[in-house]
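What follows is a pair of complexes built around subunit A, which joins subunit B in one and subunit C in the other.
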Partner chain A sequence: MKASNVTLRCWTILSTVLSLGLLVFILGFVYIKAQGVVTLNFILAKPAGFPVGSAGGIWPAIAGSLLVTLIAALSAGILAFFTAVYMVFYCRSPRFSLLLNLIIQCIAGIPSIVLGLFGYAFLVIKLELGLSLLASGLTLAIMIFPFIQIRLQKLFQETSQQLLDAAASLGVSQAYTIFNLLLPLYRKQILSIVALASGFAMGAAAPVMLTGCMMNAPVPKSITSPFMSLPYHLYVLIGQGISLENAYGTAFILMSLVLGLNLLAALPTILRMRGKP
Partner chain B sequence: MNQILEKLVSFLSRLFTALSAILLFLVIIFIARESLQIFREVNFFDFISGISWNPLAREPKAGILPMILGTVYVSIVAILISLPIGIGCALELAALENERLKSFCTSVLGVLAGIPSVIYGFIGLLVVVKFLEKNFLLAAGESILSGGIVLAVMVLPYIVSSAAETMEKSYKQYKEPSLALGVSKSYMLRALILPNAKGAILTAMILAFSRAMGETMAVMMVIGNSPILPQLLGKGETIPALIALEIGTAGLGSLHYHALFSAGFVLMMLLIFLNALLYLIKKNLTENLH
Partner chain C sequence: MNDHLSLKSLNVAIGSAKILQDVNLTIFQNKVLAVIGPSGCGKTTLLRTINRLIEEESQARVSGEILFRGKSTQQIPLTKLRKDIGLVFQQPLPFPMSIYDNLAYALKYHGVKGKDSLTEIIEANLKLCGLYEEVKDHLFMSALKLSGGQQQRLCIARSLCVEPEVLLMDEPCSSLDIHNTKLIEDLILKLSAHYTIVIVTHNLQQARRIADYTAFFLDGRLIELNTTTEFFTSPRAEASKQYLEGLFG
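Entry: the complex of A and B
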């Protein structure tokens, strides 16, 4: 009896240590190996050398990744916000709401590579957007939309009914309640959810490689130009054996940006924990 | 003014909700439309069960069975590796009393889930593949096993967070009765929480399986990518990798192009089915708890 309890605890504690250790290993691996590669010049220069990428920097990839993430976060954020508002404040039929939830769950289930195929066939070819920043951004937006929507809906549903009743009994309109009560109340959480989703969008290579991302391109001038992205650049550097050193550098920058977004997303929680004695 | 705003918000929320619902059907219809054309030349059953993939030959062969099996094989290997670790970690987290430590652990797992898949592939190639080459004396370490190991790390945070969520609820439910009976925490975890977590483990497994099957980059970088029937220590190819590698060279509207869309369609329907199943099971579980 005692022995099996001890075994169980050993198992659970070991698993936890192992899971947490994995992150330390991954961070350590990339950050130690990237030392010396990441300089200001590496960040700000264009890729150079032959084959392209074996020398020089990765600035176009950084800019491309940031821009495509911005487009994705904006469009997915707006779509998800209004969908969540509808489901929580306007939809009165529980059956319809169940159906909508199921649909959004299904969108969440579509693998990113298939979204890439869709972006290619529909946005790039049918809508004639071409291989472009816009097509990639919208494809990524579809990918992160369910992630944002599900969390926003949960957030709105947890609003205290008392607060909403008080607003309603003052004769205030639904829209006024949403913009003057809900938005200020949840501003930080909404931003944190969108930041987390942006991290996912920035790291995704599969959807962008089919819809507008190139092996070598300048910093995009407009939303209709093709671009470079960090994850795809990393894939090309390592997959075609161009430069292991620059691959470490690219991985370092990509990971730092994604971790930065994660940290931004965790900020409200951290601040709240600080506030507590 | 206020009324206009009210109307506008109501209209926009309806419009965007309709748009997001249409999106799913648009994706399904578009992928289906592009893939159906191949079935004029290859019959569906041959497509699913054919074992040779050569859509560019004079007599084109488009059988995706090796890729379907490869996708399922790596995912199963991944779950076999990560489920024991994930459930152990979830049990520990569910019973953790120190709120600060718990929130630290959840954020570490969140970061682990947020690391881009290319980076997992990159590290997998440099660490896991090298390790297999050295220790298993393989000619090439790129194999189903290395894909499974990399995927196991990637799905681990999903398993933990999904299982811990349900386990935490049942821990809170049984905490006071157990304390009153003077039962130790370990005993409670073993005799109460774990046997009660069958549903949680099942949903965690389905979630991890669907994540693993849809993963592209990380698997593609470590699995070797040859369209042959998969073996644990041999090369294989998954459906997402097949699409990512070949769509760039497939001529628009060619048989090759349509075959890749059909492969995507098969994968998508499988995953949509898994996700809908997951949603319904989860809904049932939470309703049973209350």
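Entry: the complex of A and C
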């Protein structure tokens, strides 16, 4: 074997080990630091103590994070699905398609704090949504929209033209084929992409801190209520030196939820490898 | 004899390539027309133009006229036209769903409601295509698990479910073994009593066995349309004679 091949092989193995090691190290570090903090009471109780967060738990932040992620995933998922469908199946102009792709890539490049500022100025103030779950959810939706749309577009582009022709030859409309053939066919992949994007949204602090997230709030009763979120709670606990132990506990719960979503996203691939439908 | 389809001065180009040129062709009702010719002579494009599937290709340009029951196909709503003129492809293309759902797919769109009605139509067409006995206990099994021959018969049954008047078949036996080819040929002969069939084939013997008429294409032009018996025994055009003698193709 040539020396260059050996070097390349060693470098690729080292890179893989480093990547895996980094993940294990971060997980292990947070897990060890969070030990003794994460109890059932910590998960289910409201923040307490003075300053708030130095005692008690993080339930409102867990609920807030889950709800705001749900709003973001639903809004961005629906918008991204129809945009991808338009671009793959209806848009006949390559120039317009290129322009749309450029715009979507530009949205993907907007810094999250700028999205937070936009959400505050446009959704909270201009549209009078107030500091709310809805304003934060929609801001997060803008953030994850390109993430979902680009992947859905790629997925739909892989559809065999022959399959589409076979469906068209039965005299059914394109819309019928999209909803009754392609949607069931890609259901698992679509859910997987949305789950992955949800994990991305759940971990973001900047877009929610200006649009509805509070240091202390109860579990939101409606989409117009302000709320707590895990990443912002974590930021406050560390930034204001309230409780480093509780910060690690919060980080552990946040990571568990994000990893759970990522595992959910990987489920179709895992099942396929194990030979299940 | 009734004209079912009439192609008048049909020209088709894809980009700068002229695929069909000045094609004038009459297709008679409840007869089998075999379309033959060397590869690249426009046979598949002809079928895709008849049911306007060619329009899905962004660079395709079609001129001339196709009359279906005397009416221009451009004046017939696309879904109605494609329901009435079905197309079976070279490769079997079952949808990734159960056998039952494959057959119910277009039926539901065309307004057939109720499980009993659906099942009745599905079973009748599976029987017609000689597939019912083979799959009757596995109707909810994935259609992708069927063999190639079974998949092709399923695709024919799927096309027949929506009750077309014309069935276009693009080399339906090219990927099948002798046994399945025989089954499909028998099916075509059986269907020709009720359907107008246009079959593209590279297999001259197959054309001879099943077709009432044969159309020979060369370089995008219709060279000869004749009864199959006459075409194979005394072809009119010199090019047809050479093709049958295997001098090119």
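Assume the second predicted complex is superposed on the first by the 263 of 277 C-alpha atoms of A that agree within 3 Å, B and C clash if a C-alpha of one lies under 4 Å from a C-alpha of the other, contacts with A are read in each partner's own complex, and residues count from 1 in each chain.
By definition in this document, contacts are C-beta pairs under 8 Å (C-beta built on N, C-alpha and C of every residue); 3 or more make two chains touch, one makes a residue touch a chain.
Because the structure is predicted, anything quoted here is derived from the model rather than measured.
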Superposition on subunit A - do subunit B and subunit C clash or fit: fit
Subunit B versus subunit C as contact partner of A:L40, first or second or both or neither: neither
First (subunit B), second (subunit C), both or neither touched by A:R92: second
Which of subunit B and subunit C A:I142 touches, first, second, both or neither: first
Partner chain in contact with A:A3 - subunit B first, subunit C second, else both or neither: neither
Touching partner for A:A167 - first (subunit B), second (subunit C), both, neither: second
Partner with the higher number of touched subunit A residues, subunit C or subunit B: B
Subunit B versus subunit C as contact partner of A:A204, first or second or both or neither: first
First, second, both or neither for A:N180, with subunit B first and subunit C second: second
Nearest-approach distance, in Å, of subunit C Cα atoms to those of subunit B in the combined model: 7
Set intersection of subunit A contacts, subunit C complex versus subunit B complex: 173, 176
Subunit A to subunit C touching residues, read off their complex: 92, 162-173, 176, 180-181, 184-185
Residue ranges of subunit C in contact with subunit A within the complex: 51, 53, 56, 58, 79-84, 86-87, 89, 91, 93, 95-97, 105-106, 108-110, 155, 158-159, 162
Residue numbers on subunit B that touch subunit A, as the complex places them: 2-3, 5-6, 8-10, 12-17, 19-21, 23-24, 26-27, 30-31, 34, 84-89, 91-93, 100, 103, 105, 107-112, 114-119, 121-123, 125-127, 153, 156-157, 160, 184, 186-187, 189-190, 194, 210, 213-217, 221, 240, 243-244, 247-248, 252, 260-261, 264-265, 267-268, 271-272, 274-276, 278-279
Touching residues on subunit A, where the partner in the complex is subunit B: 1, 4-6, 8-9, 11-16, 18-20, 22-23, 26, 29-30, 78-80, 82-83, 85-87, 89-91, 100-118, 120-122, 125-126, 142, 145, 149, 173-176, 178-179, 196, 199-200, 202-206, 209-210, 231-232, 234-235, 238-239, 247, 251, 254-255, 258-259, 261-262, 266, 269, 273
